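Both complexes below contain chain A, partnered by chain B and then by chain C.
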Partner chain A sequence: MRQSTIMSAKVAFVGLGSLAVLVAAAEYSVDAGWVSPFILAPPTEIWSAAVEIYKEEKPFRALGLTLGTTLAAIVLAISIGLPCGWALWRYQTVGRAYEGWLGALFASPKLLLYPLFLVLLGRNVGMLLIMGFVTATIPIMLKTREGLVTVSPTLINVGKAFNMTEHQILWKIMLPSAVPIIFTGIRLSMIYTLISIVALEFLLNFEGLGGMVGEMYDRYNIPAMYAAIIFVILMSLIYFRIVQRIQTWLRSV
Partner chain B sequence: MAGMLEVRNLSKHYRRDDGTGVHAVDDVSLSVAEGEFVSVIGPSGCGKSTLFSVIGGLVGDYEGDVVVDGQVVRGTHRDIGMVFQEESTFPWRTTLENVAFPLEVAGMPKAEREEMARRFVRLVGLEGFEDRYPSELSGGMKQRTAIARTLAFSPKIMLMDEPFGALDEQTRMLLGDKILQIWRELKQTTLLITHNITEAVQLSDRVVVMSFRPGRIKEIIPIDLPRPRSSEIIATDQFGRYVGAIWQLLREEASRGMVEAENV
Partner chain C sequence: MAEVSLERVTESERAGFLTTELRIQIGTILGVWASWEALAQSGLFYRDIVPSSLRVFAAMWRHLTEAEFYHHLGVTSYEVLVGFAIGSIAGIGLGILFGVRRFLGRVMDGYILALAPAPKVVFLPILMVVFGIGVGSKIAMAALSAFFPVVLSTVAGMHLINPTLIRVGKMFNASPWQMVTKVYLPSLVLPVVTGLRLGLGVAIIGTLVAEIKLAKAGLGFLAIQNYELFRIPEMYSVIIIIFALAMGANAIMTKLTDRLTQRGMPKVEVSGAA
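Take a look at the complex of A and B:
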């Protein structure tokens, strides 16, 4: 116990220490005229810009919008992706036929399709939601199928030997056994969806965190842009932390 | 005496996609009386697990009949409980939740099923480990959990497929004592599949020796050792004679199996 506390104190010291050095170096290099203030804003100016943004732009409102859209997309993706993943497992031919395609689709930058969605749906929250949903569903579908396919045949035989129906075996044996893999899919989708929604907001200059960064960018307000970006990064860190927490918590239930 | 479990002229061929096939079990007939303890022993690959799966109703498409309590059965049956050769505990459930599983499926209220499950946990000697997950248990403890779970299903017939196959000799013998103690208490008809001669003699009323592929019954040997037994019995001369006799029968089969394995 004691040793691990000492260890984590050391880790924190190294991490924060190098951050402080980096901040000081940034400040000094702009002051000394080594780096143009149009490329790198001095941290002190970023800080005052951050205070400005906090007063005028209401960053937490932007955060709320982005997170709200992301979570809505994910809830939608889970409610549709889980049954689809089940169907991919249940109807083997379909599953095998689609797996490769879905895998390729998962790896491809679907963000590039945004002009199409823009034309179809217009520049609104609905469009962000649908694109976020498309991004989020694929990993959930694929991982649900993978989770069900890899259930140990012996565990299924245990269910049969207890005279369980196919339905009971699915709910009481296959799904619980697949939960860790399915949750990997949900975690992946939570991460990719947040990224694509922020990127879309930025591209479309549409509110939210991405919109906020884009706005500062358009105003050529370099310190404010950095402040906004740092805010987005901090919020993503907290978000990923929470996602991880949920996963470990779910596994213990 | 009519058998509680009867197998009549059972044969099973596995067909592979490439057209070849395996004749796993050939014309096996066997009758196990109510409350009897019978072991089936044979070399690896002789069709023991196949016989187990056919009797348990997990494998179809066979010739012959499986008869439980006078009725021909197809498919799984309420009176048959199975303990598997492979790891079969549910990793997301604690020992107690694993054991209570068949009761939960049957819709028994929580308090009631937990109380009942506790009894079976105690019976297999796992008290104190009720709240542990399988990942925190040893191999022998996991198999005992699986046995308790099947006992909680309260089948009239216990089928066990090498439940201690992966365990070391000492643990295996001690668990053999446990099995005997449970069997004395519950008086279930038991069919144990094993490749371990000592285990077969230590536990059984009769030992069925199987030949290498296709799996046929080579001989059935009644074990006339006094009951109640414990693992101490292995020190006696009589025990040694049974082991020797079974080894004589098996040696030829086992070496045939080895030759075939080398030629594959």
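Take a look at the complex of A and C:
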């Protein structure tokens, strides 16, 4: 136990130390004129640009917009994906007919369909929401079906032995035991949806986190561009950590 | 995935040609197509936003018989393949290194796991500043996208190698290069191929997204150019071709992984790789 704590401390020390060395090297290489300031901004300038952005660009408003769109897409995806996943399980032939397609769609680069959605829906939050929904709903449908399919038959037989109705078996037995797998689907959709929405905002120079990065690039403000990128990476990191935490917490409940 | 489709093939063979599943699938395709045509004819949308599928097919035929299209296809394929090669060689190499040097691996683990699920597209401005808006930044984007799934699955595979094999190699005084080629790589085939499959997928997306954002050539550029000129049937046709190519590449890589899994190679789960 003690040894592993020492080891973790060592890892953290060396990890943060190398980061500090890297930051110092970046600062020095620009100062010394080895790297053009139009390519790499010195970390001190990135920091002052970050302060500037914080005062003027309202990065947390951008974060709120991106998160709001992502979560709205997920809520929409859950409210439609869950019943669809149930239907794919309930009507087995339909489920078998569509499962392969849904799997292929899940792996497919849906982001590349965005010009199509742009033409159909225009450049607005609604379009982002719909594309986020398309990304989010497929893993939820697939995992809901998978969760229901893999419920142990013994549990269902117990329900039948107690003369439970089909409705009761679904709500009292099947859904609770499918929950861990369904949450895996929701976690996947939370990850992929945030990525797609940030990417779309960036591509469209829309608002939100992705739009903020695109905006700084368009202004060719190199320190601000780095600051915005670091901010987006940090925020997505925190988001993924929270998603992970929620799932571990739900597992332990 | 392929397991499911295999199952379906054998089932359809047993039940004759048209199983209910197949009928549902054909019905769905026809239904979607008919509703598309109905929308195209209805005039509900502004001109051309929902073009008749015939016009999309005509545009596709024009593309496929034009030399210009193959120029763009060539640029995109070049960017994807070179970037994918750079990203995966770096991923496999560093993955093996992090597996052998466990301390270094643990130090880097935090950074790699932190960056792996982050939306890579936000790095594009840096890549465009460093490599310009031409082919260079697209190759870099493909390499960066491919790197993370490959390095993650290689490290995961390194942890699964039977320690006895490593001890045997060391006992025979194998040189580091011999250890890599005779011990590590043969045990890493399946995790590496799994990583490569995910890596190729995200490399294709990364390249096309970069082309859509800002480029001078490539399929992504062609799609967005058609959009800007409001040549909608042409735009649809390019997107359909891109989508088909990307899914085809993924299907080939999935086949490859499935074949290896059937040969009894251990399976590795890689998460958060996009």
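The rule we apply is simple: the second predicted complex is superposed on the first by the 242 of 253 C-alpha atoms of A that agree within 3 Å, B and C clash if a C-alpha of one lies under 4 Å from a C-alpha of the other, contacts with A are read in each partner's own complex, and residues count from 1 in each chain.
Here, a residue touches a chain if its C-beta (ideal position, glycine included) is under 8 Å from a C-beta of that chain, and two chains touch if they have at least 3 such contacts.
Not measured: the values here are computed from a predicted model.
Visitor: Would you mind checking which one, chain B or chain C, touches more residues on chain A?
Guide: C
Visitor: Could you tell me if A:161 is touching chain B, chain C, both of them or neither one (first, second, both, neither)?
Guide: In the superposition, A:161 touches chain B alone.
Visitor: When the two structures are overlaid on chain A, which partner does A:109 contact: first (chain B), second (chain C), both, or neither?
Guide: Second partner only, chain C.
Visitor: When the two structures are overlaid on chain A, which partner does A:93 contact: first (chain B), second (chain C), both, or neither?
Guide: It touches chain C, and chain B stays clear.
Visitor: With the two complexes superposed on chain A, say which partner A:126 touches: chain B (first), chain C (second), both, or neither.
Guide: After superposing on A, A:126 lies clear of both chain B and chain C.
Visitor: Check the residue A:179 against both partner chains and state whether it touches chain B (first), chain C (second), both, or neither.
Guide: first
Visitor: Show me the chain A residues, by the header's touch rule, that chain B contacts in one structure and chain C contacts in the other.
Guide: Shared contact residues on chain A (touching chain B in one complex, chain C in the other): none at all.
Visitor: Please give the residue numbers of chain B that touch chain A in the complex, ascending.
Guide: Residue list for chain B touching chain A: 53, 56-58, 76-78, 80-82, 84, 86-88, 90-92, 101-102, 104-105, 150, 153.
Visitor: Could you list, by residue number, the parts of chain A that touch chain B in their complex?
Guide: Those residues of chain A that touch chain B are 152, 154-155, 157-158, 160-164, 168, 172-173, 176-177, 179.
Visitor: Where on chain A is chain C touching in the complex?
Guide: Those residues of chain A that touch chain C are 7, 10-11, 14-15, 18, 38-39, 93-94, 96-101, 103-104, 107-109, 111-116, 118-120, 191-192, 194-195, 198-199, 202-203, 209-210, 213-214, 216-217, 222, 225-226, 229, 232-233, 236-237, 240.
Visitor: In the complex, go through chain C and note every residue touching chain A.
Guide: It comes out as residues 1, 4-5, 8, 20-22, 24-25, 28, 45, 49-50, 103, 106-108, 110-111, 114-115, 117-119, 121-126, 128-130, 201, 204-205, 208-209, 212-213, 220, 223-224, 227, 232, 235-236, 239, 242-243, 246-247, 250-251, 254, 272, 274.
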